[in-house]
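Each structure below appears as structure tokens.
Consider the two complexes below, in which chain A is the common component and chain B and chain C are the respective partners.
Up next is the complex of A and B:
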């Protein structure tokens, strides 16, 4: 304890702090000024709207400090993050509170200690300048040790990540390694300085803070301040529009490169492909490596699993779409045939069934649906029995909105003139488009899993229960996109026994056939499929059941057991 | 020198190899899992390019092997190798010792159900080339009922990365044209179409067959793949395809659609093949030790291969290989 209020060793910290605060302020202004006008309005409004304001507070604490989402996935990693983030936060808070509990020191007035400038560094180096009261001393030591325990886990994770349940980790460059080393040593230095009061450690502690804060904007640790802004922007309801601008900038800098998405990604079946995961995409885009980020954007299967498991729910798929849309692909499509198709309905019926192009290639599904609808005595018509207009999704996926719109409009006209009140789809890819891009007021849109579930529950369709063991694969566009998890499972339980896959529902693994990827080779896809099949075969089911024609075709190539669509399974039991 | 040579497979390759080995003074033993010798070729009606009856060839081959020790309805269940040669256990529990083994296990037909978009097993009037050949042989098939319009789809399960088969199945092009002519002979008023990617007329007289198919039989060859098949109210098949020479999509109603199914490796031998230490190549067929000079040899000493177990092959190819394997085995025994 020294009865003075300044020592030169505080300067590195003050310098670093001033730099990082300035940088963040400029960054904040930049992000907000780049937002489209409407989004900016939304943002200001959200800050004062009670509902969003409450969500902000909840998530700022829950995500930034306690890392609730990481706890759910991996408690050890959860503790690691909470220990460091929350511990550090508490040290800062308690440090500031202590300033007001100071006892007068020899020759120094308390008021001077609580002055503006001293306030800046005083709580950080408290023990050098003043004496803590016992309760605070305990709390400070407690949280400091908590941080150090978190850092210990981080060191173990670095040396051998499998111990903490992480298979693949990110590979970092020099800057990221240096700042990590600084972060790891800040707190041990502080502990030694506080306990021994050796001057050299006070200097080391302060210089470490300088290194950490000066490098922060240029490394992954920028996620610490950016995360808070990103949470606020997301709660304001802002959507991704352009890559590397405004909102997306906040997302890019919020990605902590934690690498949780690497293990989750279906492409991580080998080392080479694991470089295509979202963590790398975000890093490349942040570093303005357009070539690489474009490459990854085109390779991605867009299954959305990384978004679901991301502790921050960073919308990496949306960013990839916006990245794709920034490149004009040379697709010359001729949609003049749309004008020739008559929209006059031949007859009108309550249920309109749209199979879609993928289902046209798996006629068993169409036949099963016909049998089911006829057996249930439904008043239905088949919209695309003699020719089909695409739902528009492939054009949307490649960023061709005008071409997609032409098809959407023609289909909308056809559907409205049919007089149907319900549209049933067999393909989850179509389902997503009809749900999100079509305006079909007064018409209920259902995927056939929901439709069949409803027919069974309302008693219109009688099914018999067999003793086949099924496992259900959640198609990405039905599961993760619309959370239709229960309907297909309930249907299957009515016709047989349901076995669990290793990874189910929101963490189910993409079949590998996704139209989302433009560039994966067949061999790479096959590897992904084989891995996904293995996961489904975990409990030795007799049959794999899915609800997407594309998953069906993809699995059929690699599966050791029969692969069927849920409609086929049900049609066998009526 | 009465050394036993174990031949697994009693099709064209196995029979021809046995014939030659016997003439060389060795003792071939044929193990055939089905109830007759002859393999796939015995199921065939006529052979391309000259419509020669398959029965003629098969009968001659059968006559040549009538003194060869043959086990029918029998499979090899275990096989070991030591310094004295190979020791096989058969499914009838008999044990056989042999100095060399010839794998002449041939091929399987691609399961057309795997290309669901072609509707085999879903729509009544979709059939395979093998079933059509059976119709020519027996004159009976419920699906063929005085058809007015018939289509052939080439490359079903071949040159198709989506079914994991990237190789060309070699014989289906010529077979399709042969069958197209034959169906025209039976139903002269019918319109016959074939849908192809390329027509690979690689052998003597094959190109002549192609010209004849068009000139004499008026078969229409359309360059383009069929993408979808569906059924209309009357049970007729509606196909969608692309004519890539005209650059236009087309739609057509057919009475019968014939799928030219590719050859795939015969997987029933996998366990024994593994015991013998013979690997597969990229196409899933057996790996021989050299494409040019070691086509009958494998990585294992004393284990030989012949016929369609290493790649899709025509009958002349297979007979040639069977004769060459006999020479290789002879040299191996007398080394």
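Up next is the complex of A and C:
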């Protein structure tokens, strides 16, 4: 065994390490300095607040090292990530423990070298420089083999992704392929070097590390250091504000292009559209491809599924919103004409029902709601029986929050004047905006699924049970956005039999009609709808039930069975 | 022709001299404007049309006649609610076209 304490083969590694650390430090300063002042304060404070500090530690370990969220989605991929990340981490940790507790190899020319190196250098390549005890040797070998097993899965995934349960993967350019190759070979080289002690392999090992670390900032592997920062920022409660600065930068570089959102996205029904998924959006924006990222931002249905399943909870939809807002549309909205609408309430009532634009296009929902409220003996009034003002959300969806102000104000005035204590809505799109953007203190806001559920549970509405088999479709803005999953299902179980869809609740598939998308063509939407209907028909239900007028209209185009709104179904059973 | 006897200004448009750049550019990005059959469904359902003269069908006509300013003025009324897009029998992506005109 070689007996020097220093050997030039460590130089490439040291160089790479120095580079990557400097780069990360500069990046860190840049992100933090770009944060708005309040956010920066929030960030510093969150680091010392016990609650967020604990969440930080939990997620740093849980997400960065153990990849808990990936385990939940796909255990094979979970193992792959954990094996590489945790294995590598353990090798570094055990190596250091070993180094500080054990003596260097026998016969080292310690004295001659000490003066030269001890101040700024310590032996990193443990096996080469320090003597192992059996326990350490076992641990090091164990974790090394763990990493290599993870890499084997990665190789299999690359060759044939379906084996590990992934249908679509991202396609990478030369730089990403090269660094991946470097990553894959680092540990086999190390294993060979340790076992044979052939100098060439120690050199290869070190050079591999140099390549990996020098390329890291320019490839998707930048997610390894960025992820930690992103977790801290997220726990500090910082929100997306600017399109490509500060917090968003941290999000962009945290996305490892894992591609899990590609399979999840409703647009992935064909290869062409799968290029519109968040994984590609993040990559394009990272590479400053403004045109493409704006195009994708306008195409996305904003169904939120990618955000829900993303192992890092990257807020890609929020980033897309800010990207949309950067497109120079000069619509110069002028809604001053809304002022002519009288806000004098005709009468006052406890419950105010707002159907919304989309429900105006599906009048059967309005009729059903009327029947239900009358049957239940509710003191109610219609807010928009004769014409409606838009709730403002479609405008906001185009990235124009300020332009929606006139509508928000007018509607708020109308609602407040009515004296109602409860606002019932039929459209989940409205529901979201009323919940999040309106200030309606003292007024309870309910979607009609919740409202009907309450009427049934409190005994105000008597329903009879039939023997129709229903399947329930979770509208994006009701399910993923507000987790209203149980109320509609409980209602349906009271009036018939509920069958399961293939993908339900948080992974339900958007109907394809979403107003979130500005550019999808009718044909493309139809393809998405057909796929979503197939998923719902998984257990051969007699009827598809949904709770959104837009889903209803969209599904009706493609469904082999009757599509109904939950209000309609209930109104048939009272 | 304006012989000077009219009470209101003439609505006569000289098709040879109108500037159609906006309309042509629009057709290029959104070829579906060509498929409009002027059925008026979009106008009938329009949320803004309930309170104003907003009409997408008429706006396309204005653009075809080079009356770009009038068309842009009309768009200011739009709430982007999307009802028009949903009812269009030709599946024309009206919301996107409205936005593109203003770009």
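Criterion: the second predicted complex is superposed on the first by the 548 of 574 C-alpha atoms of A that agree within 3 Å, B and C clash if a C-alpha of one lies under 4 Å from a C-alpha of the other, contacts with A are read in each partner's own complex, and residues count from 1 in each chain.
Following the convention adopted for this analysis, a contact is a pair of C-beta atoms (placed from the backbone, for glycine too) under 8 Å apart; a residue touches a chain by one contact, two chains touch by 3 or more.
Keep in mind that what you see is a predicted model, and the values were worked out from it rather than measured.
J.: Of the two partner chains, chain B (first) and chain C (second), which one does A:340 touch, if any: first, second, both, or neither?
T.: In the superposition, A:340 contacts chain C only.
J.: Regarding the shared-chain residue A:185, is it in contact with chain B (first), chain C (second), both, or neither?
T.: After superposition on chain A, A:185 lies in contact with neither partner.
J.: So, A:330: does it touch chain B (first), chain C (second), both, or neither?
T.: In the superposition, A:330 touches chain C alone.
J.: Output check: A:553 vs chain B and chain C. Expected answer is one of first, second, both, neither. What do you get?
T.: After superposing on A, A:553 lies in contact with both chain B and chain C.
J.: Would you sort A:522 into first (chain B), second (chain C), both or neither based on which partner it touches?
T.: The answer is both, since A:522 touches chain B and chain C.
J.: Report the partner of chain A that touches more of its residues: chain B or chain C.
T.: Counting contacted residues of chain A, the larger count belongs to C.
J.: Could you look at A:34 and tell me whether it touches chain B, chain C, both or neither (first, second, both, neither)?
T.: neither
J.: Quick check for you: in the superposed arrangement, does A:394 touch first (chain B), second (chain C), both or neither?
T.: second
J.: Can A:361 be said to touch chain B (first), chain C (second), both, or neither?
T.: Both partners.
J.: Taking the contacts chain A makes with chain B in one complex and with chain C in the other, which residues are shared?
T.: 360-361, 522, 553
J.: Name, in rising order, each residue of chain C that touches chain A in their complex.
T.: 32, 45, 47-48, 50-52, 72, 75-83, 86-87, 91, 93, 95-96, 98-99, 102-103
J.: For the complex, which residues does chain B have touching chain A?
T.: Counting only chain B, the residues touching chain A are 114, 116-117, 119, 122-123, 161-164, 227-231, 238.
J.: Could you list, by residue number, the parts of chain A that touch chain C in their complex?
T.: 298, 327-335, 337-338, 340-341, 357-358, 360-361, 387-390, 392, 394-395, 397-398, 400, 407, 513, 515, 518-522, 550, 553
J.: Give every residue of chain A touching chain B within the complex, in rising order.
T.: Residues 360-364, 366-367, 385-386, 522, 526, 553, 556-557.
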